[in-house]
């Protein structure tokens, strides 16, 4: 394949670097969560001669090519194959794929099956949001952005909220995951999704377990919101941090809503609102191609989504730029409310505190996530209570010849789209996958650059900078190429300031236990 | 004028000489190959015979292993349907062969590189012709070059992209 | 998966490699010196030698000495096919105190030197094979042959002269013999013959005593009108299922008085008589021929009125009276017998001349087959020994055409061996009976055998005419008036060098011998091989002419190839001796190539159970794992290949051993 | 399926009646054929005896042409039929011949893939059309007209692709489907003497006589042939042969002429008028209402 | 085994993160683990730019658990580095054990993958045919991406591996047990897979419902038929990889009423999981007629994708043959 030599990236090597620094006449900073490629942001910051940030790049250096290698596989295997795109939100991919199969075979699952699906899904959302708040994003606030990094992790959280709460968090997560496994086979990479239904019905024993855990989950969600209020909202520094311009972007927002425009994770229409918060479009899954497009940059493996009709205008915000955002904040912005009472209260509190819709502050994602956590828990409770849940009519066998199917769900990290075309035998001929974080990729890139520009000037980089820049993209709970998170505090960072000849002047390094070294 | 020399199929230096691994059952094809010997039939020397008691013993792993270690073709010889010394081993071989052929196709290995023949103890000439045919076919296809197993751990050839 | 080292096996492996020249058989094509020195450099090889004849005593001694001196623990012999000398060299290892299964043979004769002519490539191939053997043998493990007791009784299939002779020999040796014959009587083809060449003694006179001996022998259980339908088990321990076809006559009660036949409502026979090849007619109830053994009548249900309409007066039953031997209710019955060895003597069938239209059989009534003529001139035959043609004429001129269905690319290529001699015999007898002019048309006159050539000379003196030339056709088209109304035999007289047209009254076709129509079914039933012509295949054409590739099954008589009576009898004796040698050993060693379940590894998935044709694999409910009964296992290895978790292992054909061999042949350069 | 049709030289010369009647039969039985465009000599007779390789090249050219768009080729002339078969046989058997032929064809931009099957009209009518269907289409039954089925040497020897080498019967089966009756005729594959006529005329004449006399003796009213050379030989030398021995007078026809007749083709369109021994009287006596 | 607390490290290459989740799924038990070992980095150790790792003493890490397969240059380099710094290198999860599901990419070549992802999707607007570049100048800013290799490889195809923990992902139980074994004083034989060594049927809750003589006249796809929640899935005609797959997961998928897809890989006695299940299932067909055989086998729509779902790179053939591109130096003939 000779043409590869053009397309193909040469091996990265010291030589490559040397060459890089030779041609680069400007000082060059690399903030690199280093070689952990999976789902990793790699940040390249370029200073001008004055030492001001001229351009910061947010790169995703990972690709596995699912779209290609699913070709020839039987469609019914997609829920299991595509869940391997992400081990953290496998259930989201599993569900999107399963819905795509319904569409592919033109089958409508029986009521019980739908309930089981949404029950498992809500359980998963609750678990995932909880994980993020306590293990990943939360520590920034609970423990504090400027606390020593060593404490900014789940153990730090536990220290802060008390070992009992800590255990509670861990136990809650375990029990939620056990439920997913109970109904879906496995917690990581479940197996329940089939065209026209689910593989296994819910026994009354199982239902009881769901009911118990659901109750606890609701309490837990409220408790967590409580915690957030006390630790964050009652701390003016945090609030101002959230509101600070460094973490603010005026973009479109996208999310799935039910018939009354309330947030829904499992099913509904896709709603997009303008930076002013007005409804811009509302469309069904099958129409996604009319509204969503992806842009390719040669310096990243991730594709950048934008609104087709608005168009790609580069990394700029505002009404004129097609860049939009997904995930908790976007979902709240794109909706008119929540479908459950307690969550609705939290929703109102959220917007009233942050000055009405839409909220453009990236860091507000953390709060929005907790509102959703509460909704998910409440939804669990509703479904678990339903007597029809244990009905054993859980499958409709397809009769149609398969051809094309599209399935969309709201993954914890945003809108997730699976689109398949198959032959008559139901073997995949073409698959198009738009994963949650792709939708956010452009805005994340902007957030990072903005933060960098705000926080860095010249060769001397203050220590706080690292985590704050990190916060900029962690707020999205990014799952680049939908792979995985990076754990706070343990995220090793490096800022290297090079002079024009590319020699390092100073390096700032923080290792996993958070201690910062200057050498 | 007519070239009736059976050694027409013997090999010469410049041509590509395929390596073919053959699995012969002890009761039919292996005997036929012995008979070909006692009858002094001449055939292409590109074949390497591994003796098994029955074609039903041919584990698809053996076939893949042969390809993976540089075989350009794999040949299975068994008793005719109904003639298996162990009653039905050859049918099992046939079923495995049919499915394995599909797998090999999906793995980009040309059909003609993998062949199953029923050759009874008496059919020495069948051994000759079948082997010659296969060698010719595989020679046309050229080397397979699938020596993955022995490939160096730090495979550089892939970074050539 | 961890890398498998290219040459695995214990470090202390010390291999001796022995390359045989086999005179020039191998050395002529393979550079044995180069081969030996190449082998010497292979891993674990301690000694590598080449020698003129490895299988010779000095050759064997060479290996024995080396094993002691270089304390070798693995041996590779590169010589002929393992099927020929594996046993020989395993004995060598045993003598030297090594387990015989630590040997691997490389077939560089049948598979290399004899089938290739380019020295260079042949040597390369030999190297590959030796390298593979060296790698394989280092993984060999000591194995023990299994000993199983032998059932001392023998089954003989086929009641022709060969079967009869074999049965009598074994019975006289005190062995229990079961003789199974599908016809109502034993005797086979020989019983149909009139005289036997070259001595011209009457076939019946020498055969019938042996037939009656069989019938009355205490050690022989005779099953006529019976067939073998199923064969299970293995050498020394065969289980055979026999079908007894209904005779509608109780064999124990019938005394062979034949009154029933006389009494039959049919005054005259209406059915073509099988024994007389349709030259006469028989009744529905009949005795195949006067000397039939057993002397029990049989009813042919296709022609018996009682069976057709159920409205017969059943005069036969009256005639039988209180003996009550006739039983229209008889059903076919089955019987299981257990024996240790089997002798197949299922004989031959004669070529059907209709297949060769130009010889006129079926078109012209006066064209006969040689077998028909045997009956025609037989005193107890349809015409009481007088040669009267189908059209009532008595022939004044007779043409005997040889090689009908023999030595003919259009039918059978082989020489049927007996035709020349029986044609001479018939020529003599016909001349004797009719005084007619007799012409023999032959391709070559083949009379090897004691007194055969002399018999030929005698006929020349008797004035029988011999035309050397293949007959073009037999027809009734006349060129000269003298030919009108006669059968004209056209043949090129290759001695005189022109085409002869010889008009005769009678044409005798010397039909060749062919395998029985159901030879293929029979060989499948007994799990032996056939040659491409369809004759039963012997283990070795010279050294094991009556053995087959299936232990404990022997072949005798014309089922193995055309034979005359003396040869058939000789072979029958040989087969009997082989069987005796086997069962008198009382126990037999079985190859240890059996498969075994690795119990701790078996997941109990049951996948292997349906794969075993011998029901050797069972599921043990207590352990929830599969189990292989070693005695029932024949070692095909199908289950080994089929076990999805690799939890079945076959002795001497372990996966790793085979992988080594595969990778060995490919690890060139 | 459409067959490629290769008439060969005879059918455009002495064998005209053969082609006329054959085509009539094909028309009547809806056998669709396309004559090969730009066919050449099959390579029989002279070529075969002078330079084998050239005749293989000639034959394979015809087949190469036929291969374009056809999988089967009909060769009615016995000689053509034999040569085409022989060529295929040799090309398969002997690589060296294959090479020569391939090279020869290359020079004229042709390639022979050995994908074509050589068929004889007897074969096609018997095995593709089938007697029962022919019987169904018979318009003029031949009312038990007695014929001697004469095949000659080339149709079934050495390649007996569709009938027995020593006792072919296809012609009988076809003509009896048309209402004719075969007589016992042991000479059906005897040499017609055609080739001897040039070298040993009297041998040739004797053979002609035996063939005709035997036919007559066994009650044949016509001799049915499948080979232009046989037909020509038997018919044109009947008189001469009669002079050497006792006289015979038998019409010698192509089997296709009889079939065409039965299938309703007008006599003059299938060359019946050309016979040396006039056929009309016979047809009248047999009350065969031919057109 | 080591006086002070052993230092344990985690790292990952081309994987989904599910394996790390499996570790998190130890839940409360994680605290016990933390007590036993120093997790020197999780998910990664100190800032380890090349030079930093290079500066580490060889073997200064007791055990590195590496998940994910090797697809990019950077992953390959890191694998080598970590190998040199670790006493034990443990392949964690299907991807590093056998290549995993992303290993199915070995059925295609890299070019077609890049085109499929960046040029062909209906939602992608890329008229210029832009593809990610390993080295790119964005108005003077030089940016780098790791090289996307032609072939996905399992970890042991790149560096020596001491142990394997199978599964996609390994169950917490499997992981905990493996960890126990490694902490124990007698280490298992190098190259061991740290899980039970017999097939899944052994621990399958439906084992007893499998008939004595399973034979097949057709294979079913789950959407074609309702799945009995009690009966052996193979007995129902669904293609279950259980018989050819290592036990240890306690048949989670089967408990979820779906067939095993083989993520624990083959047993130690098998070199090619796909070949083995193929051999087993095909042999168990009933028919002796070639056409019927093909028909029945035709009801397996995607043999390679099914038999090698997790193990293509780790299989004997490793990948689909690339036309024209020799996969190994041409062997001397």
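Chains: A, B, C, D and E, in written order; residue numbering restarts at 1 for each.
Convention: a contact is a pair of C-beta atoms (placed from the backbone, for glycine too) under 8 Å apart; a residue touches a chain by one contact, two chains touch by 3 or more.
Small disclaimer: the values here were computed from a predicted structure and weren't measured.
Novice: Under the document's definition of touching, what chains do chain C and chain E have as common neighbours?
Specialist: B
Novice: Which chain's mean C-alpha position is nearest the mean C-alpha position of the whole protein set?
Specialist: The most central chain here turns out to be B.
Novice: Looking only at C-beta pairs in contact, point me to the busier pair out of A-E and C-D.
Specialist: A-E is joined by more C-beta pairs in contact.
Novice: Centre to centre, using CA atoms, which chain is the farthest one from chain A?
Specialist: D
Novice: So, what's the distance in Å between the C-alpha centres of chain C and chain A?
Specialist: Going by mean C-alpha positions, chain A sits 79 Å from chain C.
Novice: Can you check how far apart chain A and chain E are, centre to centre, with Cα atoms defining each centre and the answer in Å?
Specialist: So the centre of chain A lies 25 Å away from the centre of chain E.
Novice: Whole-Å distance, chain B centre to chain D centre, using C-alpha means?
Specialist: The answer is 46 Å.
Novice: What positions in chain D touch 2 or more of the other chains?
Specialist: Where chain D is concerned, no single residue meets two or more other chains.
Novice: Residues of chain A that contact two or more other chains, please.
Specialist: If we look for residues of chain A contacting two or more partner chains, we find 1, 4, 8-9, 11, 72.
Novice: Give me the residue numbers in chain B that touch at least two other chains, ranges are fine.
Specialist: Residue numbers touching two or more other chains: 17, 19, 56, 59-61, 65, 70, 88, 92, 96, 106, 149, 159-161.
Novice: Contact residues on chain C for chain D in the complex?
Specialist: Touching chain D from chain C are residues 356-358, 360, 363, 410, 473, 475-479.
Novice: Please give the residue numbers of chain C that touch chain E in the complex, ascending.
Specialist: 1-4, 598, 600-607, 609-611, 619, 624, 638, 641-647, 655, 659, 668-669
Novice: If you look only at chain C, which of its residues touch chain B in the complex?
Specialist: Touching chain B from chain C are residues 81-83, 107, 109-112, 114-118, 121-122, 124-125, 128-129, 132, 524, 527, 529-532, 537, 549-550, 593, 611, 613, 634-638, 640-642, 650, 653, 655, 658-659, 661-663, 665-668.
Novice: Along chain B, where are the residues that touch chain E in the complex?
Specialist: 16-17, 19, 56, 59-61, 63-65, 67-68, 70, 81, 88, 91-92, 94-96, 98-100, 102-103, 106-109, 143-151, 153-155, 157-161
Novice: Applying the document's contact rule, which stretches of chain E touch chain C when the two form their complex?
Specialist: So the residues of chain E in touch with chain C come to 98, 154, 156, 161, 190-191, 197-202, 207-208, 210-215, 242-244, 246-247, 266-267, 269-271, 276-277, 279-280, 283-284, 314, 331-333.
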